[in-house]
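What follows is a pair of complexes built around subunit A, which joins subunit B in one and subunit C in the other.
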Partner chain A sequence: MNIYFQEVKNYFRVTLIWIAALSLMSFGFLSMFGSFSGDVENMKHLLAGYPPQVLSALNLQVGIFFTAIGFFAYILTFIWLVGAMQAMNLGMGVLSKEIAGKTADFLLTKPVTRFSMLTQKLFATLTLLVITNICFVAVTMFSVNMFSKDPFDGYILFLSALTLFLVQLIFLSLGFVLATLIPKIKTVLTYTLPSVFGLFILGLFGNVLGNEEVYYFTPFKYFDVSYIIRNSSYQSKYLWLALGLTLVGIIIGYVAFINKDIEAAN
Partner chain B sequence: MNVYFREIKSHWKGFLGWSAAIAFTIVSGMVKFQGYNTASGKSSIGELLKTFPKPILAIFGMSGLDVTKMIGYVGIMYLYIVLIAAIYAALAGAEIISKEELDKTSEFLYPKPVSRSRVLTEKILAAVTYQLLFFVVAVITNIWIVDYYNTGDSLTPQVMTLMWGVLLFQLVSFSFGVFFAGIFKNPKLPTAAVTTVVVSSYLLSVFIDINASLDFLKPLTPFQYFGAPKIIAESQLDPIYVVMVLAISALLFALTYYFYNNRDLTI
Partner chain C sequence: MNVIETKKLTKYYGKSRGIVDLDLTIEEGEVFGFIGPNGAGKSTTIRTLLGLIHPTSGSATIFGKDIKDFGPEIREEIGYLPSEVFYYDGMKVMDLLKYSASFYKKDQKVIERRIGELAKLLDLDLKKKIDDLSYGNKKKVGIIQGLLHEPKLIILDEPTGGLDPLMQQKFFELLREENKRGATILFSSHILGEVQKMCNRVAIIKEGKIIKTEKISDLLENNTKRFKIEMNKEADKKVLEGIKGISDITVQGKEVNFLFRGHINDVTKKLATLDLLNLEVTEPDLEEIFLHYYK
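Our next item is the complex of A and B:
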């Protein structure tokens, strides 16, 4: 368990910064809900005048859009973006740091199997992500409670906020895979930023154009709050896709890492 | 010029990758526009959208832009181009300076009979060379694809104005990257710091779009003052902000030289 505690300790401070950033985004954005919902009556009135086809083309449900959860859904995309960076940095960093920091020979000559080492590292990252999400969900529930005058469905809000964790799992495993496949990693950000933003931009593309088929390729489109509101659950095909991708990524990571020829430091 | 050529050689692949990414984004975005434009009964939606409440348009990323017109669509693509270009420039600037410390090759490079300023200049020039080439790739792709699909009057001057905006984004992100690499002792920090700057100014701009009471923060984020709706509406870049960005970048470069020459390198 040494490696586990070592990694949790190593990444704890950075995780605190990420938690602060995510919580601040959620709290700061929701605090604007008051001024936004001020014009609601006005806007609802305006929107009622548009033909329903236009509203549905924009995937705009007037009833949902002006609730606190609907408002939260908007910032959620950007929270995923930041959370994805955290998770992928973590997944990639935790595996590549021994080689980059030239401590691989030190660690790998210890009497631990690579399997056990990897498992401990994986659980360390999962622990940190779980802590992140507990804080994030708590802050979000608290903020909505504080800023929304109308009552809201706590379970639906909880499900919506928890999508952060699911998106993070995918990017964690993506980080795992890339860390084992790319031979020499100096700074993880050089790989994580393009990957995360690439997928994010792909998601925005889909948004503007409403291309459903793009959605499968980007985790930023797997979870749709308006679906969650209507059904009180995730869309099952995307939930399975998310969990499946995570699992496949982790398995590839294990196989590749256990068989990897790790260069000794010189 | 050894350092210059050395860096040119070692960053060649990265440049190819980023150029391919930007060209792909521009082309595939425009191809989809065609499908979108013919499918949805054209300008009627454009007219309707104009009357939508502003926060809602902001949420769909269309504030101030008419997606059914070619130039409005180019304006939406502009944001993606800017994001990609800014990230590339930021990472390139930070990496090229801090790589010696990361690879633990500073001990090899800096005892050589070249001054630190000289090394810095050659490294910056090498990175700038690639930034400019990347810019040229983006400009040519964008002008070509817009021209290819455009049926009305030529939009090249307007596209070019937008692209100068991209170049300024590249400049300011790059100078922040170089600056952080110049001042931080821990060679891992610069990339993280410059990423934080780019991402938070993007997010700040998103917040401002939604909430008009944050308008006073506009001067803080180039995503606002070099935003597509503003550039298209004024058909030029706001000269005050152009000067401001140039001045900030110049200051950052000067500070980089000062601090980098005077600090202990991490060994």
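Our next item is the complex of A and C:
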């Protein structure tokens, strides 16, 4: 368990920064709901003036936008974006430093199997994401409670906030598997930034074009708050896809890393 | 017991050869040298033994256990000192060494005491951050992390780069102490003077294959000596006629140079009959022998 504790320690400080960012986004945006919801009729007129494609691209669903949860749904996409960066940086970073052949000479020549090493590192990243999400969900529930004048369904809010964790799992797995497949990663951001933003923009295109097939290819479209509001659950096809992709990525990562030759660092 | 035994150990990177049919046997208590130029296969061999690289074919055992099936168990008793040392950013020396120690089943208190001893010997400040250390000091961290658990087998890959001569001396003393304690040492190096000083036996590797494995003493003894004699008059090749084992005779004025390999008394008896002003006999060092095998 020594690798587990060491990695949790290594990434703890940076995780606190991400927690602060996500919490501030949630609290900050929801605090605007209070002043905003007082002027609902004028806002509805204003939004009616926008072309539907713009509203679609911005993911603005007028019907739910004026409830606390609906309002929260709007910022959720950006929260997923930030959370995805955190998760992919974590999944990739925790492994790439060993694979770039540097600390691998230190770690893999110790009496530990590669399987154990990977498992401990993975659990360390999961621990940090769970801590992140506990804080995020708590802050979100607190904020909605504070700023919403109308009653709201706590379970639906919880399910909506939990989508962050599910999106993060996918990106954690993506970072993990790419770290095992890409030979020498000097800077994690070189891969995480384009991946996260690329998939995010793909989702936007899907919105604008109204093309639902595209949604399968981007985790940013797997969870839809209006669906959660209507059905008190996730769309099962997307939930299974999310969990399935996460698992497949991790398995590929394990197989690739266990069979990899670790070359000398230069 | 053979601590390391490889049987036709082979590694190909696609079509390029790493090592081919390597048969190596290292006995317990030996200090074994591994010499060869860049690309010969020294690092490949070492990294394969340590489980960093998967062999294409062949097999190897360490402490009688197969390296594929008993990796972690074997590594419990191996100390590895790589040529380049890299550690995690932001860690203090002591934290890294404690982390290193945490992988071993041995008593952590005993290990910590050993860390203290080694740090004192090598003059390393355990409280410093690794990022702030010079290359030589980072190397010392590498040495300590390789030895803190008193391993039965010490594998060194070009270990003295970055150490000043005084530190190098201390380091070799340290290795000698470890060897006296019973540790087997596998020493891979370019610096043939070190190999000559430290090792009992040496293997010369060329293009992925071992071309010679011999005791250092035999390697130096059985080899050609260079003679330079200065005679009291104009020299003539004929003076050395009839002596078995002489070659490469060159004459320049009063000076005669030649190479000799054979029974030394044959030469000294002949030289005793000559009127000499000067005599110089040089023994080739490992470098010359090495280059000879490489031509």
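Some notes on this structure:
We adopt the following convention: the second predicted complex is superposed on the first by the 239 of 266 C-alpha atoms of A that agree within 3 Å, B and C clash if a C-alpha of one lies under 4 Å from a C-alpha of the other, contacts with A are read in each partner's own complex, and residues count from 1 in each chain.
Assume contacts are C-beta pairs under 8 Å (C-beta built on N, C-alpha and C of every residue); 3 or more make two chains touch, one makes a residue touch a chain.
Remember, predicted model here, so these are calculated numbers, not experimental data.
In the superposition on chain A, A:D261 contacts subunit C only, with no contact to subunit B. After overlaying the two complexes on the shared chain, residue contacts for A:Q6 are found with subunit C alone; subunit B is out of touch. In the superposed pair of complexes, A:V112 makes contact with subunit C only, with no contact to subunit B. Of the two partner chains placed by the overlay, only subunit B lies in contact with A:Y74; subunit C stays clear of it.
For subunit A, the partner with contacts to more residues, out of subunit B and subunit C, is B. Within the superposed three-chain model, A:I252 lies out of touch with both subunit B and subunit C [touch as defined at top].
Contacts of A:L241 after superposition on the shared chain: neither subunit B nor subunit C is touched. In the superposed model, A:G198 lies in contact with subunit B only, and not with subunit C. Once the two complexes are overlaid on the shared chain, A:T190 sits against subunit B while remaining clear of subunit C. In the superposition on the C-alpha atoms of chain A, no part of subunit A is touched by subunit B in one complex and by subunit C in the other.
Subunit A meets subunit B in the complex at residues 25, 28-29, 32, 35-36, 39, 42-43, 46-47, 50, 54, 57-58, 60, 65, 74, 78, 81-82, 85, 186-187, 189-190, 193-194, 197-198, 201, 204-205, 207-211.
The touching residues of subunit C, when paired with subunit A in their complex, are 13, 43, 47, 50-54, 71-76, 78, 80, 82-88, 99-100, 102-105, 145.
Residues 2, 6, 10, 97, 102-106, 108-113, 259, 261-266 of subunit A touch subunit C in their complex. The part of subunit B that touches subunit A in the complex is made up of residues 18, 21, 25, 28-29, 32-33, 35-36, 40, 45, 48, 51-53, 55-56, 59-62, 67, 76, 80, 83-84, 87, 91, 95, 99, 102-103, 188, 191-192, 195, 199, 203, 206-207, 210-211, 213.
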